[in-house]
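Structure first, commentary second.
Chain naming follows the written order as A, B, C, D and E, and within any one chain the residues start at number 1.
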Amino acid sequence: QERVNLQLKWVTQAQFAGYYVAQARGFYRAANLDVRIAPGGPDIAPPQVIAGNRADVIVEWMPAALASRERGVPLVNIAQPFKRSGMMLTCRAETGIRTPADLRGKTLGVWFSGNEYPFLAWMSRLGYPTNGTPQGVRVLRQGFNVDPLLQRQADCVSTMTYNEYWQVIDGGFRPEQLQVFRYEEQGVATLEDGLYVLENRLTDAAFVARMARFVRASMQGWDWARQNPDAAAQIVLDNDASGAQTIAHQRRMMGEIARLLDTEGGGRLVQADYDRTVQTLLSSGGDSPVISRAPTNAWTHAVVDAIR
Amino acid sequence: MRTGLLAAVVVLGFVLAIAGVHAPGEPGSLAWAGIALTAGLAAWLVKRLGDLPGQGWQALAAPLAFGATILALWEVLVVGFEVPMALMPAPSAIAARMASGAHLLWQDFVQTFLKAVLAGYAIGCGSGFLMALLADRVPFLRRGLLPIGNLVAALPVVGIAPIMVMWFGFDWPSKAAVVVAMTFFPMLVNTVAGLAAAGALERDLMRSYAAGHGQTLLLLRLPAALPFIFTALKVNAPLALIGAIVAEFFGSPTTGMGFRITTEAARLALDMVWAEIVVAAVVGSAFYGAMALIERRVTFWHPSVRG
Amino acid sequence: MRWTCLPRGSRFSKCRSAPRDSGRSPTVAEPAIAARNLSLVFRTNDGPVHALSDVNIDIAPGEFISLIGPSGCGKTTLLRVIADLEKPTGGEIRVNGVTPEAARLARDYGYVFQAPALFPWRTIEGNVMLPLQIMGLSKAERQERARQQLALVNLAGFERKFPWQLSGGMQQRASIARALAFEPKLLLMDEPFGALDEIVRDHLNEQLLKLWATTRKTVVFVTHSIPEAVFLSTRIVVMSPRPGRITDIVDCDLGPDRPLEIRETPEFLRIAQRVREGLRAGHSYEG
Amino acid sequence: MRWTCLPRGSRFSKCRSAPRDSGRSPTVAEPAIAARNLSLVFRTNDGPVHALSDVNIDIAPGEFISLIGPSGCGKTTLLRVIADLEKPTGGEIRVNGVTPEAARLARDYGYVFQAPALFPWRTIEGNVMLPLQIMGLSKAERQERARQQLALVNLAGFERKFPWQLSGGMQQRASIARALAFEPKLLLMDEPFGALDEIVRDHLNEQLLKLWATTRKTVVFVTHSIPEAVFLSTRIVVMSPRPGRITDIVDCDLGPDRPLEIRETPEFLRIAQRVREGLRAGHSYEG
Amino acid sequence: MRASILPVLTVSAGIVVLWYLGAVWLNWQVVWDMQARAGHAPDFATMVSLTLSHARPLLPAPHQVVVETWNSLTGPPITSPRSLVNHAMVTLSAALAGFGLGSLAGVLLAVAIIHVRALERSLMPWIIASQAVPVLALAPIVIVALGALGMTGLMPKAIISAYLCFFPVAIGMVKGLAAPDALSRDLLRTYSATPAQVFWTLRVPTSLPYLFAGLKVAVAAAVVGAIVAELPTGAQAGLGARLLAGSYFGQTLQIWSALTVAAVVSATLVGVVGLAERLLARRMGARA
C-alpha cells in the first residue's frame, strides 16, 4: 500500500465527507492506498504544511492556493470536486438591507486569512471603499462563528450555505428575517475546496498515478456520500476527535454540500471557472492584491486524465 | 584592541558571505567552511564583549553582536539554501518589507500596543495588585478569594478571547480585557508572595508603633514586596503583548498586529508576518527594559541590585 | 508621679533586696507595668521552651528598671510581652492600668530592638523619621527631631546615608535615635549599647539618664553590663534561665543625680557585687 | 612559631607603645598579616568616606591582636580587607606572605561577623556544620564537631532549633561555634562577645585563650571592652575615626597563662589605663 | 485547610449571585430580540427564566455551566471524544510535560545567567524579545518545523507549553538567586566556597519564594500553552480543541464547560505547587 497524506483546510465536518467516506468504506484501500487525513483548523495553512513536506496533497480554496503559488509554493490544482461556491453574506433583514446598494455604511463581518478576496472583489465592483469611511462599509474580521450577527455587533456576516447559515437559523432567525447575498449570484464566486499538490512532484509519473488513484477513490467517496447523506454524516461524526459536532448539524451540512459538488465530472476542473476565479482575484485590488498577475500552470488535467 | 580586530574580521567575513550567497551560482563547500569559521569567530567575539566591564555601551555590545551574528547567519543560510519565502524569509526581505509597509506597521502598533496592551496591562496589573492588597487586608477574603482568584485568573486566553469579543465587541477593548485576564494572575501571585517577604523584626517594629494596616503596608511591606512586584511587571510586559496579539485572532477590526500576522500568514506573506514579529519583539523588549530600568531605580537597596 | 527613692545618704544601705514573689516597689499607686504569675511557653518542633515562668513584678511610673541575666533567660521575651509583641501563655500583665495591646495602640511604647532593624530603602534620617511619620508629625518637625536625635547619638552628617553604609555600632545608634525621637511614655531598650565602645557608651548613658531625669519616662532596659545597670537603674531585676524567671530584684537607691564618678563609690560597687552574685547564682557556668 | 613575649616580671614595664608608623612586632620572620599604607575609601551618593587611611601593621603568626576604637572608626573594614571581603583602594596587604585572596582561597580564615549571619533555613546544628560541609568533611565528623562546639558555647540541646527560636546572645554564640568548628589558621572575630553577659563572656574568654594557647592561631579580635582586650591580647591596636587610622599600638606582655584574676593586677590595670587614654585621645566625645 | 472552607463558600456564593444577575442582564437583549422576532412579548418572569436557559447566551447561568460540565464529564465513556475527562487528560499531559521542561529550562537558564555574566548580557535581551513573539502566530510554523524533525504527538505541544512557562520561572529565579544578602555571601566567601556550594547552600534556599511564585505562574501558563498548542495540531483532542470547536459552532455552553475544566485543572496544579511550597517551607523552619 502506498501512503498518501491529505491535509484538510478545516476541522472534521461534512465539508470533507467524501474523503472520510472513501476511507471508511475502503475505497482507498481498494485503490491500494493508505491515506492519512489530517484535519485543519483556523491557524493551519495547508500550503505551509505541504511546503514543509508534511502532506502530499491538500484541500484548499483557489485564492489561497494561487497566492501561495505567487509566493514560492508552486501549488497545482489536480482536481476540483466542488463546482460551486457556498459562500454568502447574510444580513439581518431588520437593518433594511435588501440589495447590495443598501450595504453602504453598514458593518460587515468578513473572513480573512485568504478568504476575503471574493468579498473585496465584490466591494470594488460596487465601488465601496472598505476602510471604514461613511461612503463605504465598515469591515470586521469575523471570528469563527455568527455571534456578531446574533448579538447585533454586525449587520451582515459571512456564512457558508452548508454551515454558518444554519447556525443563524438555530440562533432564532427565520429565513424571511434574513437577507442573503450569494457570491455565485453576485458574479464574484471563486473556486473552493480543490485538491492541490506541489508542481515539481508531477514530473514523477508514479506520483501522478498514485494521485490518480487517490482522486478516483475520493470521488467515489463523494458519490457515495451524496447518495447516503445520513450515513456519510455519521462517518464524519465518528471521525471527529473533538467530540463537538452534532449529527443533526452534520446531516444538514451534508445535504447542502451535495448541492455544490460536481461528481459527474470526476473532479475535472472546468477552465471557465478557473478563469473567472482569476479574474475576480485580479480585480480585488487594494494595496496588497492577492495575486498581481495571472498565474501560469496553476492547474493540470494530467491526474484526472490518468484516471482513465 | 584585540576585540576590535576580531570584530573587524567577523564583519568582513559576514559581508563576504552575504555577498557570496546573493551572487548567482551555488556556494561551494569552501564558502560554507568560511562561513562556519566566521560563525565560530563571532561566538568568541560575543563572549569577549560579554566579559567587558562597565555599564554603558559595553553592556549593549554583547547582545547587539549576538543579534547581528544570528541575523547574518540567518541571511546566509536562508539565501544560500534557497528556502522558500513561505517557510522562512531572509532578514533582508523582512527589512525591505518593514520599510515598504511602515505605515501599516505603525497603524497596527497603535491599535495593538498603544490601545489594547497599555490599557490592559495597567488594569490587569493594577487589579491583581489591588486584589492582593484586599486579600491581605481581609483574612476571610484571603482564604476565600485567593483560591477562586486562582480559578478565574488561570483561564486560557484561547477560551476567554471569543467571550471577550462577545462582551466587549471587536475593537481594542476586548483585547484589553484579554490582557487584563492574562496579567492579573502573575501580579496577584507575586504581590501576595512579596507581601509575605517583610522581616519579622521589622513588622514587630511597626507593631510597636501601633502603625495601622495601611501605614505598615505603605512604609514596610510594600517596599519589601517591590522586588516581587517588579518581577510580575517584567513577566507581564511581553505577556501582555502576546495576549493582545492572540486575542485579535478571535475577531478584530482590520488593523492590529495579530490581525496582520494571521491574515498575512494565511497568504504566505511571511515577510510581513516577520516584520510584525520584529516589531513585537522590539516593542516587548523595550517595554520589559523600561520596567527593568524603573526596578533598578526603585529597588536600589535590594541585594540583587546592589550587587 | 514623684521620685520615690530616698535622698542620697539618708539610709545606711541603699541597696535592698525585695522578696522574690512580690516584686512590688514601695510606694506604688498605679504601676506602669504590673505582671502577675506571667509565663510564656514557646511550642517548637522538638518540645516546649519555657521562656518565662511565674514572673511577678510591679514597676512604678518613672522607674528605670534594668533586666540582667544570662543569655537566653527570657529578657527579650519579657520585653516583647510588655510591648504586646508576644502573648503570654499564662498569668496577667497590665501596662498603665490597661492591657499591653491597649497601651500599644495608645502608642505608649518606644522599643529599641536587640538588632537595629533599619529599613534598607530609607536613609538614616528617613529611618529615624519613620515613627514620627506614623504619628503624623509635620515634615518640618520630623526633620528637626531627627536632626536633634542623630546629633545626640553623634551621627550628625550621616543623615543621607543608607543603613548598609554604616558600621554596626552606627546602625545601633540610629535605631536608638529612632526610638528616642518619638518620645514615648515607656521606653523598652534591649541591649541598646551592646555594640558601642566604652566612651560612646558612657556618653549615651549620661544622655539617657539626663533624658530620664527630665522626662520621668518609665524605662525597661536590658543590659549585660552590671556597672551600666547599677549606674542607670532604680531597680535591677536579675533573671535566670530555663525556665526564665526572676531570681532577685535589687534596689538601687543612688538618687537622681549620678555623675560618672559615682561608679567608683563603695555603695555602687556593693550593689554591683550583689547583682553579680545574683547573676552567678542563676547561672549554669558557676564553678 | 615561639611565644615572643618576655616572661612575667622580667622587665619593669610590660606595656610599651610601638612607634605609630611601624607597627612591627619585635621578632617577626614572615608576618601573618602585613599591611603597608593601607587605605580604603567608600564612594557613596553624598561623597567619599575614608574608612581606612594609611594603616601600617605587621602581625606575627600566633599573635592575638585586638582592635579597639570608637564606633565607625574602621575596625570592621580592616577585618574585611584582611579577609578579602573588601578591596583596599590604596596600599598593600599580605596574609601569610600571599594576597588576602590567595589566603581566602586556601581557606585560612574563620570570620565571626558582627551580626550572627545564621541561615534561617538551617537548624543551629546545620548552621555550625555549614563550613564543615563546604570543606567536605564526612557527615559523622561534621556532626561530632558541631556537637562539641555547641557544647563549648553552652548551646547543647539547641541543635535542632532554628535561628529565630534563639535569643540574640544564643545566635551570636552559634555563630562563634560555627567559626571555631572549622579550625581556621586565622581567626577574625568582630565583637563576638558583645551580646553576652559577663559570666558567659568570662567563660568564653577563657575558652578562647585556651584554644589560642594550644593551637597558636593568629587571632584578630575586635572588641569594645578594654579589659577583654587586655586580658586576651598580645598587642592592642587603638584606632580613631574619620579617617580611620591607627593611633596607638599597645604591647601587652602578660604572658601566656592568664587566670581571670590577672585582671586585678596593677600591670593589667596600667595597660588598660593606657588603652583607655589612647581611645579617649582619638575620640570626639572628650571633655 | 478546614478554616478556608467557609470563606471559600461565602465568596463563591457571592460570585454566583453576581453571576446570575450578570447572566440576566447580559442575555436580556438577545433573548428579547429572539422573542420579538418570533412575535412574542414575554413578561418579566418569563424573560428571566429564558435568559437563564438560553442555548447561546452571552453569559450562561452557573447552573447551565455546571450541568453541561457534569454531563460532558460523566455522560460519555471516558475514552470517547465526547468526554471532557478525555480531553482534560490530553491537555493535562501536555501541560505537565511542558511545565516540567519549561521550569527546568527556566531554572537552568537562570543558573547560567547568574554565573556567566556574558550570558546575561548577550542572551537575556533576546529571550525577552522571544517572549514578545506571539506563540500562537508561530505555533503552526513550530509544529511544522518540529514535525519535519520527526516530533509529533505530545512533544510539539509540550515544547510550546514549555516556551510559555519558562519565562516567569527564569525571571523570578534570576531575581531570587541574586537575592542573598551581602553578609551571607561574605560568610561563604570567607570559606572560599565554590560557586556550586554557594549555589546550593545559599542561593537556592533564598530563591525559593521567588521560585515558587514563578512556578505558580508557570504552571498556569503551561496549561494555557498546551491549550494554545492544540489548535495548530488540527485541534483534534484536548481542551483547546473543545474550546475552538465550541467557538466555531457557537456552542457557548461547550466553551464554558471546557473553560471550567481548564480553570479547575490550572487551579489544582497551582494548588499543588502551593502545597509543595508550604511543605518545603515548613521543613526549612519557616515561622508558622
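Simple rule for what comes next: a contact is a pair of C-beta atoms (placed from the backbone, for glycine too) under 8 Å apart; a residue touches a chain by one contact, two chains touch by 3 or more.
Each chain and its UniProt protein: B = ABC transporter permease; C, D = ABC transporter ATP-binding protein; E = ABC transporter permease subunit.
For clarity, every value in this text was computed on a predicted model and none was experimentally measured.
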Item to check | Highest-count interface - the chain pair sharing the most C-beta contacts | outcome: B-E
Checklist outcome for this item: Expressed in whole Å, how far the mean CA point of subunit B lies from that of subunit D is 51
Checklist outcome for this item: Chain-centre distance (mean CA atoms) for subunit A and subunit D, in whole Å, is 86
Checklist outcome for this item: Between subunit A and subunit C, the Cα-mean centres are separated in Å by 87
Checklist outcome for this item: Taking each chain's mean CA coordinate, subunit B and subunit C are separated, in whole Å, by 54
Next on the checklist: If a residue has to touch 2 or more other chains to count, which residues of subunit C qualify?
Outcome noted: 115, 164
Checklist entry - Which subunit E residues sit where two or more other chains touch them? => result 58, 136-137, 140-141, 144, 182, 231, 244, 247, 287
Next on the checklist: Going by the contact rule already set, what residues in subunit A reach two or more other chains?
Outcome noted: 42-43, 45, 48, 52, 143-145, 147, 151
Item to check | Chain pairs in mutual contact under the definition given at the outset | outcome: A-B, A-E, B-C, B-E, C-D, D-E
Checklist entry - Which of the residues in subunit E come into contact with subunit D in the complex? => result 183-184, 186-193, 197, 201-202, 205, 284-287
Checklist entry - Within the complex, which stretch of subunit E touches subunit A? => result 29-30, 33-34, 37-38, 55-56, 58, 76, 80-83, 86-87, 136-137, 139-141, 144-145, 147-148, 231-232, 234-237, 241-242, 244-251, 254
Item to check | List of subunit E residues in touch with subunit B within their complex | outcome: 3-4, 7-12, 15, 26, 58-59, 116-126, 128-138, 140-141, 144, 167-168, 171-172, 175, 178-182, 185, 209-210, 212-214, 216-217, 220, 223-224, 227-228, 231, 239-240, 243-244, 247, 252, 255, 258-259, 262-264, 266-267, 270-271, 287
Item to check | Residues on subunit C engaged by subunit B in the complex (per definition of touch) | outcome: 80, 83-85, 104-107, 109-111, 113, 115, 117, 119-121, 130-131, 133-135, 162, 164, 182
Item to check | Contact set on subunit A toward subunit E in their complex | outcome: 11-12, 38-45, 48-49, 52-54, 143-147, 150-152, 167, 170-174, 177, 240-245, 249
